[in-house]
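The structures considered in this document are given below.
Look for chain A in each of the two complexes below; its partner is chain B in the first and chain C in the second.
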Partner chain A sequence: MTKTTDPIALREWIVIGAITDVQQGVPYRTQVLGQEIVCLRDGDAFEVREAGSDLQPQRQVQVRTRYGHVWICFAEVPRPMIEVREFDDPRRRMITWGGVYVRTSPQRLVENFLDMGHFPFVHTGILGAEPVTEIRDYKVEVRAEDAEIRATECMFYQPRASMAADIGRDTSYIYRTSGPFVVVLYKTAEEEGEFDNIGMLVQPLDEEHCRVFGYTLLLEADTTDTEALHFQQTVFLQDRLILEQQTPRRIPLYEKNEIPARADAASIGYRRWLRAVGMQFGVLPQQAKEGASQ
Partner chain B sequence: MRLYDYEISGSCYKVRLLLSMLNLPYEKVAVDFYPGRAHRRPEFLRINPLGQIPVLADEEVVLRDAQAILLYLAARYDASATWYPADPATQGRIAMWLAFAGGELMQISAVRLHDMLMGYEEIDAVAARSAACKALAVLDQHLAECEMRGRQWIAAAHPTIADIACFAYPALCHDGGIDRSVYHNVNRWLRRVRALPGFIVMPGIPAYA
Partner chain C sequence: MTVSQALALSNAVECNQVILARASELEMALWRDSTGALHANQNRCPHRGMRLHFGFVRDDRLNCLYHGWSYDNQGRCKYIPAHPSHTPSNVIFLQTHGVQEAHGVIWKGQPPAMPERVAAMRSTPVRSVYVAAALARVRDAMSAALFSVADALQHVGIDDNAGCWLPAASGTVQYGCLYALQDAGEGKTGIHLAALTSPEATASPDWLLALSAQLQAVQLDVEGAAP
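Right after this comes the complex of A and B.
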């Protein structure tokens, strides 16, 4: 694939790796929105260029480091990045998950992240357990001004909500999607009155292939980083298997063949936003109406 | 008993699976294989100079290699003596299929790492995928011949450590983008292993398959 022409995708800040993934003096090659790029690091300075078919560096693109990751944007005027205040909280430590490749579109990944309904079936014994499969009503707000969809007052019974949890409990969730490729969530922490913050940052390689980065901002003092990391990787690789079996890989925004339920309110909001901005990248093209050609 | 373990590793899973089926208590030591590559650090290389997981430490016995660990656990702790029976012909067959599990079937592991994680770009995924399919075809043919002789398991009339060793990677092949739907005998045998008492899951090997 060549670089997408979708302006909605091009104006996004997109993660290309954890800061630690990019080694000093070693060209870091990857693909974003169908475009090959190369990133060079000199100390804390990063330079990213598009690479031609001969892999020679060409046009320079914007790059910045934030939230432990390296982000790029192809457009001259990027849409502002999501603000996550918890990164300023000195009590929290960040764990990066390590990039994972998934054969699907970025939107399928975001939808899966927003979906509580699959917890008991895919993350059995961890984030959910039968027979407690009911999704209680929650609120969804689509904020067009900052391209954010917020799902609040989400509640779900979880047998083992985190590495530090030793008993099942109701867990409260807040989801924030920011644009098409980033979603963060807040969930009840083991510490009274506190929330853990977890983010999924999708790097769309092309419309049907992604690399996913993620972070956990942890308060838990009695969990080692490796234990917390393996908890997240376990959950994410359970999702990966499901995601790679979903067809079509691109998200069907205009079809009637995927029937949403009330529990899918967050993903309905996300799909509504994708339609409203006219997103094309990663979206199944709108089929001509039956009989229209006659 | 301590297992140096990584949740996502199919090789570690082989050991966890037998420990569960034998109902043996053990302690897990989580190794930051990815992205930390802790198995390549000096502290871990002192435990296993090959820089591989799993490693099992049971009192003074420290073993690397999933197949070696399975052999040790069965020989030492299986009171029923069925997972590694004393019969020489069965032992020979088990050794043959343990080598296959640690050899040819590891091509599936290579493809899986390549397709899933960063830092495995140097693996020739096309060659590995082709070799993985050849290995699956060999296993499929063997299981077909077993079934014709009325045998449901790889090396004996009952499950042995050969079945445990050979189960993990064929079960995980979707992670590496390998379609195993054509290997009917393998698929039927995978379901038989899943039905054994003490069976456990891992990411990529779900309960609902």
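Right after this comes the complex of A and C.
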């Protein structure tokens, strides 16, 4: 695939790796939105260029480091990155997940991250368990000016909500989807009145292949980084099995293709926003018929 | 003339299990309820597109692994776990496909009409293989001398996708085999092989092993040949 022409995708800041993934003096090659790129690091300075078919560096693109990751944007005027104030909280420490390759569209990944309904079936005994499957109503707000979809007042019973949890409890979630490729969530922490902060940062390689990065901002002093990482990887690999078996890989935006329930309010809001901004990248063309990929 | 479409051997799917079945361009979730009855549905949950053969069978319903949406044997969605007290809309349903079981093979639609001699014989599932070759190539191999396991057998075609190797009518040999071919899509062909014996006899271990080995030989031959 060549670089997408979709302006909605091109204006986004997109993660290409954790800062620690890019070594000094070693060209770091990857792909974003169908475009091969190469990143060079000199100290804390990063330079990213598009690479031609001969892999020779060409046009320079914007790059910045934030939230533990290296981000790039192809457009001259990027849409602003999400603000996560919890990064300024000195009590929290960050772990990065590492990149996991997944054969699906970025939007399928975002929707999976926004979804509580799958917890009892996909993350059985960890983030959910039958018979407690009901999704209570929650609120969804689309902040079009910030390209943010916010789901609040989400509550779900979880047998083992985190590494530090030893008993089941009701967990409260807030989801903030920022543009098409980034979701940040807040969930009840073990500490009274506190929220853990977790972000999923999708690197779309092309429309149907992604790498997924993410971070966890931990308050839990008793949990080691390795334990927290293993917890995250266990959960995410359960999701990957599902994600790679959804057809089609590109997301359908019309209800004749996929029927939502009330519990899918966050996904409905996200799809509505994708339609409203006219996103093409990673989206199933409207004329495609139900079951065409079977 | 309609041609038979085999999907699997009967023993490939047990009670309360679901498997993937392919018929050329079509993917199906093929499942057996607790009574042993078979059902085949579109292999895609209409909620979020999840392949249903990754799901589970419980209480005689097919359930999607992603969110547990539950479908009865007519393909109707009967339960959405996220909303336990809510009755699902009747627009949520799975397309269903007719399947039948005969002679140790599961067929999409009708099984082929068997020659009278075969209909009276007992059938024992042996083995299925999927070969990277077109249907026509496999058809030739299965009806060629290559597959003549015992010299006493001769080929009897049933239709384009099924056939038998049977003893000469006058002979004393009382065993043979039935094969059924499946267009599995993506350039692959399934071969489903069952041993045939007289109704009173069971297939001998030697005969079952010989058939299995012969099927392997066909696979090696077909896949080794230049396309």
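In the analysis below, the second predicted complex is superposed on the first by the 286 of 294 C-alpha atoms of A that agree within 3 Å, B and C clash if a C-alpha of one lies under 4 Å from a C-alpha of the other, contacts with A are read in each partner's own complex, and residues count from 1 in each chain.
One rule holds in what follows: contacts are C-beta pairs under 8 Å (C-beta built on N, C-alpha and C of every residue); 3 or more make two chains touch, one makes a residue touch a chain.
Because the structure is predicted, anything quoted here is derived from the model rather than measured.
With the C-alpha superposition on chain A as described, chain C and chain B fit side by side in the combined arrangement. Once the two complexes are overlaid on the shared chain, A:Gln62 sits clear of chain B and of chain C alike. When the two structures are aligned on the shared chain, A:Glu134 is found in touch with chain C, with no touch to chain B. Legend: residue contacts after superposition of the two complexes on their common chain; A:Thr247 is shown touching chain C, with no touch to chain B.
Within the superposed three-chain model, A:Arg211 lies in touch with chain B and out of touch with chain C [touch as defined at top]. Applying the stated contact rule after C-alpha superposition, one finds that A:Ser172 touches neither chain B nor chain C. Draw one line from the C-alpha centre of chain A to that of chain B and another to that of chain C; the angle between them is 50°, to the nearest 10. In the superposed pair of complexes, A:Arg262 makes contact with chain C only, with no contact to chain B.
Contacts of A:Val122 after superposition on the shared chain: both chain B and chain C are touched. In the composite built from the two structures, the nearest CA pair linking chain B and chain C is 5 Å apart. Shared contact residues of chain A with chain B and chain C: 121-122, 241, 245. If you check the complex, the residues on chain A that touch chain C are 111, 115, 117-118, 120-122, 130, 133-135, 241-242, 245-248, 252, 258-263, 290-291, 294. For chain C in complex with chain A, the touching residues are 25-27, 42-44, 46-51, 54, 64-68, 80-84, 86, 89, 91-92, 95. By the touch criterion stated above, chain B contacts chain A in their complex at residues 6-8, 30-32, 34-36, 38, 115-118, 174-175, 177, 203-204, 206-208.
Those residues of chain A that touch chain B in the complex are listed here as 17-18, 20-21, 96-101, 103, 121-122, 124, 211, 224-227, 229-230, 233-238, 240-241, 244-245.
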